[in-house]
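What follows is a pair of complexes built around chain A, which joins chain B in one and chain C in the other.
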Partner chain A sequence: MGNNHFTALKDVNLTFGKGEFAGLVGPSGSGKTTLLNIIGSLDTPSEGTAVVLGQSISKLNPRQAAKLRKENLGFIFQSYNLLAVHTVFENVEFPLLLLKYSASERKKMVMDALEWVGLTDKVKSKPPQLSGGECQRVAIARAMVKKPTLVLADEPTANLDAANSHKILQTMEKLNNELKTSFVFATHDEKVIKYLKRKIFLLDGKVDHEEWANNKN
Partner chain B sequence: MIRFLFLGLIRDKSRSVVPVLVVAVGVMLSVFVHAYITGFMNDSIEMNARFSNGHVKVVTKAYADNISQMPIDLALLGTGELTTELQSVFPDMTWVERIQFGGLVDVPDENGETKAQGPVMGMALDIIQNNSGEIQRLNLAKSVVQGRLPQQANEILISDLFAQKLEVEPGDRVTFIGSTMYGAMSYYNFVVSGTVSFGATVLDQGSIIVDIHDARKALDMQDAASEILGFFGQGYYSDSEGIKTREKFREEFPVDADDEFAPAMMLFRDQGTMGSFVDLTGSMGAIITFIFIVAMSLVLWNAGLLGGLRRYGEIGVRLAMGEPKGHVYRTMLYESVMIGIMGSILGTAIGLFFAWLMQKYGIDIGSKMKGTAIMMPSVLKARITTVDYYIGFIPGLISTLIGTALAGIGIYKRKTSQLFKELDA
Partner chain C sequence: MKIAFKLAYRNLIGAGLRTWLNVIVLSFSFVVIIWLKGLMVGWDHQAKNDMSQWQIGQGQYWHNSYEPYDPFALNDSHAPIPDMFEEQIKAGEMVPMLYAQGSIYPEGRMKSIKISGIPADQTLLKIPSASLDTVVEAIPAIVGASMAHSSHLEKGSRFVMRWRDSKGTFDAAEVEIVDVFSTTVAQIDMGQVWIPLDVMQQKLLMPGEASVFSFGEISEKPAQLENFKLKSFSELTAEVDEMIKMKSSGQSVFYIILILLAMLAIFDTQVLSIFRRQKEIGTYVALGYTRREVVGLFTIEGAMHAVLAAVVAAIYGVPFFIWQAKSGFTLPMDTSEFGMTIAPTMYPVYSMGLIVSTVLIVFLTTLVVSYWPSRRIAKMNPTEALRGKIQ
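Right after this comes the complex of A and B.
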């Protein structure tokens, strides 16, 4: 409160390449969500520079930041954050509406995205009618439908059981391989960590260490 | 995009149906209260109009100059023909002849000697034949405390307080002592058929109500009346209607400017302090309505604010997807305009319906008004005016919009990531 400042991140120096399947790993309060928000242009750093796809986040005005998110970034959240009154189709369609695709293009792209996550039979369902795993798959389809360069996933499996978590992670891994979309996770879930090709361990706002999986490119 | 937002609005009852109903209820109350206050204030004017002033009044010019003295010697002559002509020129209006007079009432004992006596204000109107609806106009039947209305010649009503003071009861004989239209002494015997109370001190302390035919005999006023009162077909007084009527009267009844017995028309507001009374009731009505509308606006403003705040989560998602803040803000405003318009139309329709019921049937509070010392209408009625068709849009549309606009400012003030945290909460 007042003039008290809290430093969420300090001395963080990281670079992510195209097609990475990386994760920010650490306990609560380690700064991983803050870093993810900065990468996603939802927040700006008070000091330092964050460059995403060649654009400095600090220098973007709200409209430019929105454009960056709209065209290049996809988000997956812990609690799915689907619009409850809209159908699965409409939820996945929403990012395409912002990009002003035609109705026929939207239909094809949405159905493709739902096929990636195996939910073509649920197009008319609404989120309250789906299981947690299905909701998160819809969220993945929504994040992926516009084929973004980068997908940011904040604790995507936190509300899912083990079986659903693996299914979700396999889907994301498949999309990463097939579409070369970069994924950056914020997680402390062992199930997710196992899938990561690059693990960045954060502790008290600093990068503690990094690990690369054996199949590192 | 518009279809997407519209579908969301329609499907999310808490975003559409509930706000529309909240706005509709607020608007309905605003419209109804405005119509009710207008009606109540109008009824207060109407009471005076019915008892003594009319919406317009035709008198001789000389009578108009001395109206406070009610001089019957300056009364109109040939009123039968004049009333018929007025009715033909103004077919939508009702015209009634009245005589206001003063004198003494003497109550004799069994020997014919004066037992009690008191000054009295008399009002003569068409009671027995009741061709002009005077009994209903003055609510005479319900004002009777003892006895009954006059049913035959030479019967009168006497105010209840006055009757108690004189120790007179229905069936007793009293003598009116006054002067005729031509200045001669007048003694006329009446039988008290009943006592009345109007709830107004001025009327209840010393007045008699006489059938106009008896009064003409007592005051030697054949085919004469001190006043001809005109009542608008719309049922209430308005200055504009009064002015139009007077202009037409002057065209249709041209008179010699020097003839002081020529008929002249006075508007309600021209009589005594009635002009100030009309202005006062208008301002009081406006003030009460203003306070209510402001209160209702605050309620709907708050509703709009809460409606906006509870959507911060959804807004967070939309912003994360890349929708610009300005676009989100504008769509919120468009939605609130739609909600405001739908709620206002619905609320106005319902409010007008209830106001219409209240205007047509009213609520009879006569039984609860016995013994009241103020003169007020015994039937509470609303009155629908043009204002009622749009006044609800002030709280319904404008306040809802302002509430949403204020809630939406939070979108700009909060960081997008903060909206996200609220989404997860």
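Right after this comes the complex of A and C.
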């Protein structure tokens, strides 16, 4: 209350290129999620600028920010954030509804996305009927169905066992390779870190160091 | 907008029992309000129809001094029947009636009454005046069921009736009840004894005179004659309108309570939804909705309760309305002494305007109640909503 002020991120200067498979790595409270939210235009920096796909996040009004998210960004959350009363098909279809695709286009795109994640047999199921791994695969399909330029994944494997985590990560890696979609993760999970091509280590809101999978520093 | 409706529908149906409980409560409001309002309209129709058939026809001419609620004016409210009415009376299109104050002594008790004279051969009004054409030793008379009940009279009862003639002389004669009729029109029943017009004119020394004329479909209706003034149908039934308006106002309290109950359920659902569905709200924003659009979605979702309620109400309400319109609603009490035109069984009448206005009122109220708590979403921080951390 009152004058309490918390600095989540400080002196962060990063650039992500097209088709990256990068991760913000760090312990809890290091600022990974805050940075991911800023990139996702869900939050704005109190100082400095964040430019996403050529648009300055601080200068976007709510409608423009929503348009950026709707057309170019995909989100994957730790707790899946699926719409519980909707079927798998409807959950994946949701971003396409917002983009006003026709029913036939939506059907084809949703089925393609579910094929990528291997869930074509679950179209009529609802999230409570699915396992954690299946839920996260639905969330990936929902994030990928519109073929966004950038997917932001916040601790996507935190609620999954090792086998499911690998399956999910392999799926995302495959989509990154095939569709050239950029992925930015926020994670402290070793399983995820192993898959990352670029690792950005955050500590107390600052970039501590970076590592590239092909030894690029 | 179309998407919002689609989503709202999916969310509502997906919410299952909670939705249906709200919908059932709201649909109950629809049905009860429409039924009660229909009953009021039905009462209005019945009262006016009965008044027309039993008392006023399509309108009346009143003697200039006649005032139905002033018994002291009765004895001065008479004048010769105007010549221009003679033909219409002969054709059965008009009925002259003569009124005077009097008293009766059934079983030795005195009771003030209004003596009403009506031609025995009239057929315009439903008053069974033909019974007055009975030859008995006393003056033949008919009374309404309420009058008979309150004065302990029945067919065959004989009692003394006293009056004052036009010269101011008191006179009395024995009267015999030849018929007791049942009517919903209290104004021709309570405190009245009907005798043949010619007998009354003779006994009261008022030959060829009358106080009031009821008429049917007549072409010429001058507004004012020398001794009589025109009273239109709407003037004569204005009291019914007033009475129904008053009753309707009283019923409005009941409607408000009903709607409030339904709205409370929806308001509660909306408030709970906003707290329980924070992650969902955050997800909508993350997927490309603005917060205002989410407010819109939740408002539509709440308001859609009214749409579903209308559908559910139609499913069980329409058969109920049809059954009621045919069988009517019988009041669980004796209505004969209410002092107003009310049938023991009332038949609701539903108009399109009644249904549309009720649906609109309930829908708009639901819309407001749905929007009110949803406004909170516009102030939510989406990142905190995503984590479900807003208290």
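Everything that follows uses one rule, which is that the second predicted complex is superposed on the first by the 214 of 217 C-alpha atoms of A that agree within 3 Å, B and C clash if a C-alpha of one lies under 4 Å from a C-alpha of the other, contacts with A are read in each partner's own complex, and residues count from 1 in each chain.
Please note the rule applied: a contact is a pair of C-beta atoms (placed from the backbone, for glycine too) under 8 Å apart; a residue touches a chain by one contact, two chains touch by 3 or more.
These numbers were taken from a predicted model, which means no experiment stands behind them.
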item: Superposition on chain A - do chain B and chain C clash or fit; value: clash
item: Contacts of A:Glu173 with chain B and chain C, given as first, second, both or neither; value: neither
item: Chain B versus chain C as contact partner of A:Asp204, first or second or both or neither; value: neither
item: Partner chain in contact with A:Leu98 - chain B first, chain C second, else both or neither; value: both
item: First (chain B), second (chain C), both or neither touched by A:Gly40; value: both
item: From 166-174, 220-228 or 238-246, the chain C stretch with C-alpha clashes against chain B; value: 238-246
item: Shared contact residues on chain A - chain B and chain C; value: 37, 40, 42-43, 62-63, 65-67, 69-71, 75, 77, 79, 81, 83-86, 90, 94-95, 97-98, 142
item: Chain B residues touching chain A - in the complex, by the definition given at the top; value: 1, 4, 7-8, 11-12, 313-314, 316-326, 415-417, 420, 423-424
item: Touching residues on chain A, where the partner in the complex is chain C; value: 33-34, 37, 40, 42-43, 62-63, 65-67, 69-71, 75, 77, 79, 81, 83-86, 90, 94-95, 97-100, 126, 142
item: Partner chain A, residues of chain C touching it in the complex; value: 3, 6-7, 10-11, 13-15, 279-280, 282-283, 285-293, 382-383, 386
item: In the complex, chain A residues that touch chain B; value: 37, 40, 42-43, 62-63, 65-71, 73, 75, 77-79, 81, 83-86, 90, 93-95, 97-98, 142
